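Both complexes below contain chain A, partnered by chain B and then by chain C.
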Partner chain A sequence: MVSFRELRQSPNFRFVMLTLPGALFLLIFLVLPLISILVFSFWRTESYQLIADWNIENYKTILGQKTYLTFMWRSLVMAVSVSLVCLIYAYPVAYLVAKRGGRYRLILVLLTAAPFFTGIILRVTAMQQILGPIGLLNMALQAFGFEPIQILMYSNVASAIGLVYLWIPFMVLAIYLSLLNFNFELLEVAYVNGAKPWRAFLEITWPLNWIGTAIGIVLVFIPTFAAFVTPRFLGGVNGALYGNILEHQFGATGTWALGSAMGVVLFFICLIFIMIIWRTINLQRSGYTGEEF
Partner chain B sequence: MAAVSPKERVVVVTQSSLLVFLYIFLYFPIFFIIYVSFVDNTVWPFPPVFTWEWYERLWIMSDFHLGLLNSFLIGIGTGALSSIFAASAAIGLLKYQSRLRGLFAVLYLSPLFVAGILIGISSLMFHRNILGLPGNLTSAILANTTQALSFAFLVILAQLTRYDWRMDEAAMVFGARPARCFWEVTLPTIWPSVLGAFLVSFILAFNNLEVTFYNVGAIPTLPTIAWGTLRHGIEPELYSLAAVINGLVFFILIILFFLIRIGFVRLGYRGQ
Partner chain C sequence: MTEPALKLEQVEKTFDKVRAVDKVSLEVKTGEFFSLLGPSGSGKTTLLRIIAGLETPGNGTVHIGGRDVTRLPPYARGIGMVFQDFLLFPHKIVAENITFPLKMQRLPENKQKEQLNWILSLVRMEGYEDRYPHQLSGGQKQRVALARGLISRPDILLLDEPLANLDLELRKEMEVEMRRFQAELDIPFIYVTHNQEEALTLSSRMAVMHNGRFEQVGAKLDLYNNPKTRFVAAFLGSPNYIRGHIKRMEGSIAILDWRGLDLRIPAPANATAGDKIDYFLKHERILIQSLRESEPAKGENRFEGTLRDIIFKGQHSAYFVVLENGEELVVNAATEMPSLKIRHAVEVGWLPEAGDAFLKEED
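Our next item is the complex of A and B:
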C-alpha cells in the first residue's frame, strides 16, 4: 500500500493534480454539451419544447432533402476554395517572414495575426464597408465613371473574400510556426547537389512542413464551413450557407432537435475532413523524431 | 544575410509584395472604418466633413454602456478561468514527463478544432436543458472558456518550453515545497506568459459573437449589439463602435507584444 504522503510526492500524482482541473472543465463544458446535442438530435421539438421521443426524422430531413444537401454542398465548396486560397497566399508570406524576417519576424508575423483579435462581427462590418453596394470600392468606381463590379456585391465571391480576410491569419501563423523549426540549410544541400528550387520545395520544404500546413488548412476549413456571419452580410440573397440554416433553427423557428442534428452533422463533416488530412501525414517523412515537444 | 542571386531576388521581391499586399488587405478595412467613424459623409467620405456625431450617438445608445460592461465581465471571467487552467496544465505537462501528456495536450487543443457556432449551440442546449442554467453571464463565461482555454494554453506552452525546470529542482533540493517553489521561483519567471494568456483569452471572449450570442440570453454585449444593429443594415454607430473596440484591441496587443519580449528575456532568451 502506498501512503498518501508518498502518493503526494510522486510526479504522476502532481502531473494529474495540475492537468486535471482544466481537463475536467473541458470534459464537462465542451465534451458533455457535444454529447448532449447528439442525444437531442434523436428527439423532436414541439412548440419550442424538446420532447424525448426517439426518432431519426431529423437526420432523414437533413440528409434526404435537397435544400439541406445544397447548403451543405455550397459550404463544402466554399470551405475548400477559401482554404486553398489562404494556403496558396499564406505559404510564400510565411516563408518570407520565417526565412528572412530576422529580428523583425516576431513583429511581422504578429502583425498578420493582430486583426484576428478584433472579432468577427466588426471585421465583417469593415469588409461590408469596402465591398457593399455603397462600399468604398463601388463608390470609387462610380466616382471615376466605371460600372460597379456586380460580382463583388452580395455574392459568394464577396463571402469568400470576407472569409479569407477572417481566417488567413491562422494559415500564416500555422505555416510560419512550422517553418520556424525547419532547417533551411537542407535546401542548400539540395541545391549543391543540383536540385532545382521547385524540386527542392516539393521534395523537402513541403513534406517536412506538411503537419503545420495541414493544421493551418484544418483551422481555416472548419470555421469557413460553419460560417454564418460572413455569408449573411456579404453573401446576399443566394449566399446562405449551412451555418445560416443551422443558426436559423436556434432563432425564430426554435426547432432545437433539428438544429442539434445539424450541429452533429457539422461536427462529423469536420471530423471526416480532419481524418482525411490526418491520413496524409506521414510522421517519419515529416521529420518526426519521437519527441513530443 | 548571404548574397542573393538575381533569380532569388525576384522571388524575395514577389514574396515581399505579397506580404505588403496582405497587410494592406488586412488593415485597410480596419483603418477605413475608423476614418469613416469621424466623418459626416460616410458613403463617399472624400473630402471628409469631420464630425463627432457617431460617437455621441454611440454614447447615448441605450445598450452601449451595459454592453461594454457585460463584455468586460465576460472577458475578465473567461480570461481568469482560462489562464489559471492553462498555466496549471502547461506546467504539469512540461515539468512532469508523464506518459499521458500527449493525450492531455490533444484534449487541451481540441476546442480549436470545434467550430465556434457548434460550441455556442451545444453549450446553449446543455446549459439550458441539462444544467438548468439560463442564458446569462455565467453561462457565457463557461462556454467561452472552452475555446479561450486552448489559446491561453498555446500562449503559455510556447513560452514555457524555454523554461529551465532545473530552477525548480534547485528550489526543491533546498527544501521548498511545491507550492512555495511555484510562488517564489516559477511564477516570478513566467508571469508575462500567464498575463499574456489572460489578455488573449480576454480579447477573444470580449469580442466573441457565436459562442456568447447563444449563451448570454437577452443580456447585451458589444458583439451582440453589433450583430443586432447590422441585421437592420449598416448604421453609422457601428463605425464608432468598431473604432472604439479596435483601439482597445490594439492597445492590449501592444501590451501583449511587450509581455512576450519580457518573457523571452526572463526565460534567458538572448536573440537568435
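Our next item is the complex of A and C:
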C-alpha cells in the first residue's frame, strides 16, 4: 500500500496535481462546449427545439448552398485584408517602439492597447460616430462643402476599418514582443556587409521575427473571420459576413443545429489557417538556438 | 605614389557634449596591421564605427582607398568588419553567413561557391558549411566571422575586439591565425583592442588612444621603448610607477629624491630642481641579483632590498623587492635564479635611460 507521503513525492502525482486545475478549466469551458456543438451540428432543429436525429443535412446546406459559400468567401477576404493592413501598419509602429522607445517603450505599447479599456460595443459605436453618415468625418467634409465619402458609410470598407482598429493592438504587441528579443546589432552587420536597409530588413529582421509576426497574423485573422458585431454596426445592409449569418441561426431563426454546423466549419477553417502558418515556421530558420529537434 | 588604404583627417565626434573622438588624423597603408589600443571609453570603438560608417563624424573626413566616404552609408564603403560577439546571423548556415556580402553584391552563385571554398580553406573551416552558428564553438564562430569579413576582399577589414570573448588558449591560436590571414590577403587590418598584449603581438603599427585623442602613433616597438607621453609610458607594459621630486640637475641627468633614495633619471625637457616627477620603469628592464654579484656600471642606479615574493609565470617570474625606503619594485627576470631566496637581501639596478620620466601633470 502506497502511503500518502510517498504519493506526494512521486513526480507523476505532482504533474497531475499541477496540471489538473488548468486541464479541468479547459475541459469544462472549451472541450465540452466544442463537443456539444459538434454533436448538435449533426442534429436538426424544429420549432426552436433541438432534435437528436443524426444527419449531415446541415453540412450539405453550408457547403452546398451558394449563399453560405459567398458569406464564407467574404469573411475570408475580410480576414486576409484586415490581417494584411494590420501587419503593414503595426510593423513600423512595433519596430519604432522597440528600437527607439527607450524607457517609455512599455508605456507606449500599453497605450496601443488603450482601446481595450472599454468594451467592444462602445468602441465600434465610437467608430460609427466617426465614419457614419452623421459621423465626424463626413459632417466635417460637408461643412467644408465636400461630398461625403460614401464608401466609409455602412460598407465592408467601414467594417474593415473598424476591424483593423479593433485587432491591431494584438499585432503590435506580438511583433513588439518578438522585436524585444531581436539583436538590432545584426542589422549593422548586414549594412557593413553591403546590405541596403530594405535588403537588411528582408534578410535579417523579417525572418528572425517571423514567429512573432505569424502569431500576430493568427491573432488578427481568427477574430476577424468570426466577426459579427463590427459588420453589424458598420457594415450596413449589404455588409453581413459569415459571423452575422452564424449568429442569426442562434437568434432570429433559432436553427441551432445549422448554427452549430457553421461553428464547426468556422473552427476547421481557422485550424487549417493556423496549420498553413505553422508550416511556414522553421525554428532553425527563425534563429532558434536551443536543442535540436 | 599609391593612396593610403585609409586616411582620416581631423575626425571629430561628440556625444552629449562629450568628445568621444577629438581631431584624429591617421593614415594606414595597404598591407598594414594597425591596432587602436586604449582603455574602455577612450573612443577607439567610436572611431572604428566612424570608419565603418555606423557613426557620422561631426567634423573631418574619412577616405578609404583614395575615395572620400565620409558621407557614404556603410553598405557603400567596401569594407569588412568583425565584431566582438561575432554577430553571426543565427538563422543562416555557415555558408550563407560567409557568402552574405557576395549575395549583397549580386555575384553569380557559381562565383560565390568558388569564393566560399577558397575562404573556407583559408580559415580551415571546410566541412562546416551546413552548420548553424549555434552548433559551432567560440573559435569556429570567430573563424566564420573572419571569413565573412574577408570573403569580398574588402579595401580594409575592421576588427572590434574580436578576441575579447575567447578563452586564453583560443586567443593565442587566433592571434597567430589572424596574422596569417592578414599576410596572405594583404588587406589592411584595423584592430581595436584594450588588450596591449594583443596589440603588441599582432600589429605592425599602433596608436594609443586616450580621451578621444591619439596619444602616440607609430611602430609598436617604438611606442613600447620610447613612449612620448606620460599616458603611454604608464599604460604600455604596466611599469613600476615611481614618484618623487628633483633634488638637483646634473646635465641631462636629474637626481630624483624618491622617498629618501637618490635616483638618477633622464631629465625631462624644461625640468628644474624642485619639479615633481613621474618615472615609469618597465619590469623587465631591472637587473636583479644577490648582493654584490656584479659591480654597478657607470651612472647605474643600484639599491639593496629584500625579496618579498616570487610569482612563477612560466618562462619568467615576477620578483617583488622591498627597498630600504619601503617602496616596492616588481622585476621580471628568468625563472631559474637559485641564488635568490624569499626574505633574503637582493640587489636591483638599472640605468637612468631604462625608465621614462615625465613632469607631473597638475590634476
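Note that in this section the second predicted complex is superposed on the first by the 278 of 293 C-alpha atoms of A that agree within 3 Å, B and C clash if a C-alpha of one lies under 4 Å from a C-alpha of the other, contacts with A are read in each partner's own complex, and residues count from 1 in each chain.
Going forward, a residue touches a chain if its C-beta (ideal position, glycine included) is under 8 Å from a C-beta of that chain, and two chains touch if they have at least 3 such contacts.
As the structure is a computational prediction, the values presented were derived from the model and not from experiment.
Student: Have a look at where A:176 lands relative to chain B and chain C in the superposition and call it first, second, both or neither.
Tutor: In the superposition, A:176 touches no partner, neither chain B nor chain C.
Student: Of the two partners chain B and chain C, indicate the one touching more residues belonging to chain A.
Tutor: Between chain B and chain C, the winner on chain A residue contacts is B.
Student: So, A:42: does it touch chain B (first), chain C (second), both, or neither?
Tutor: neither
Student: With both complexes overlaid on chain A, does A:168 touch chain B (first), chain C (second), both or neither?
Tutor: A:168 contacts chain B only, not chain C.
Student: May I ask you to decide whether A:207 touches chain B, chain C, both, or neither, giving the answer as first, second, both or neither?
Tutor: second
Student: Of the partners chain B and chain C, which touch A:192 in the superposed model: first, second, both, neither?
Tutor: Only chain C is touched by A:192; chain B is not.
Student: Which residues would you name on chain A as touching chain B in one complex and chain C in the other?
Tutor: Residues common to the chain A contacts of chain C and of chain B are 292, listed in rising order.
Student: Across the complex, what residues on chain C touch chain A?
Tutor: It comes out as residues 52-54, 73-75, 77, 79-81, 83, 87, 89-91, 100-101, 104-105, 132-135, 148, 152, 158.
Student: Contact residues on chain B for chain A in the complex?
Tutor: It comes out as residues 1, 11-12, 14-16, 18-19, 22-23, 25-30, 32-33, 36, 43-44, 46, 81, 85-86, 88-89, 91-98, 100-102, 104-105, 107-108, 110-119, 121-127, 129-130, 142-143, 145-146, 149, 153, 161, 178, 200, 203-204, 206-210, 214, 223, 226-227, 230, 234, 238-239, 241-242, 245-246, 249-250, 252-253, 257, 260, 271-272.
Student: Which residues, counting only chain A, touch chain B once they are in their complex?
Tutor: It comes out as residues 11-12, 14-19, 21-23, 25-27, 29-30, 32-34, 36-37, 40, 50, 89, 92-93, 95-97, 100, 102-103, 106-108, 110-112, 114-115, 117-130, 132, 134, 136, 139, 143, 165, 168-169, 172, 197, 218-219, 222-223, 225-226, 228-229, 233, 243, 246-247, 250, 256, 259-260, 263, 266-267, 270, 274, 292-293.
Student: How about chain A: which of its residues touch chain C in the complex?
Tutor: Answer in residue numbers: 183, 185-186, 188-196, 199, 203-204, 207-208, 284-287, 289, 292.
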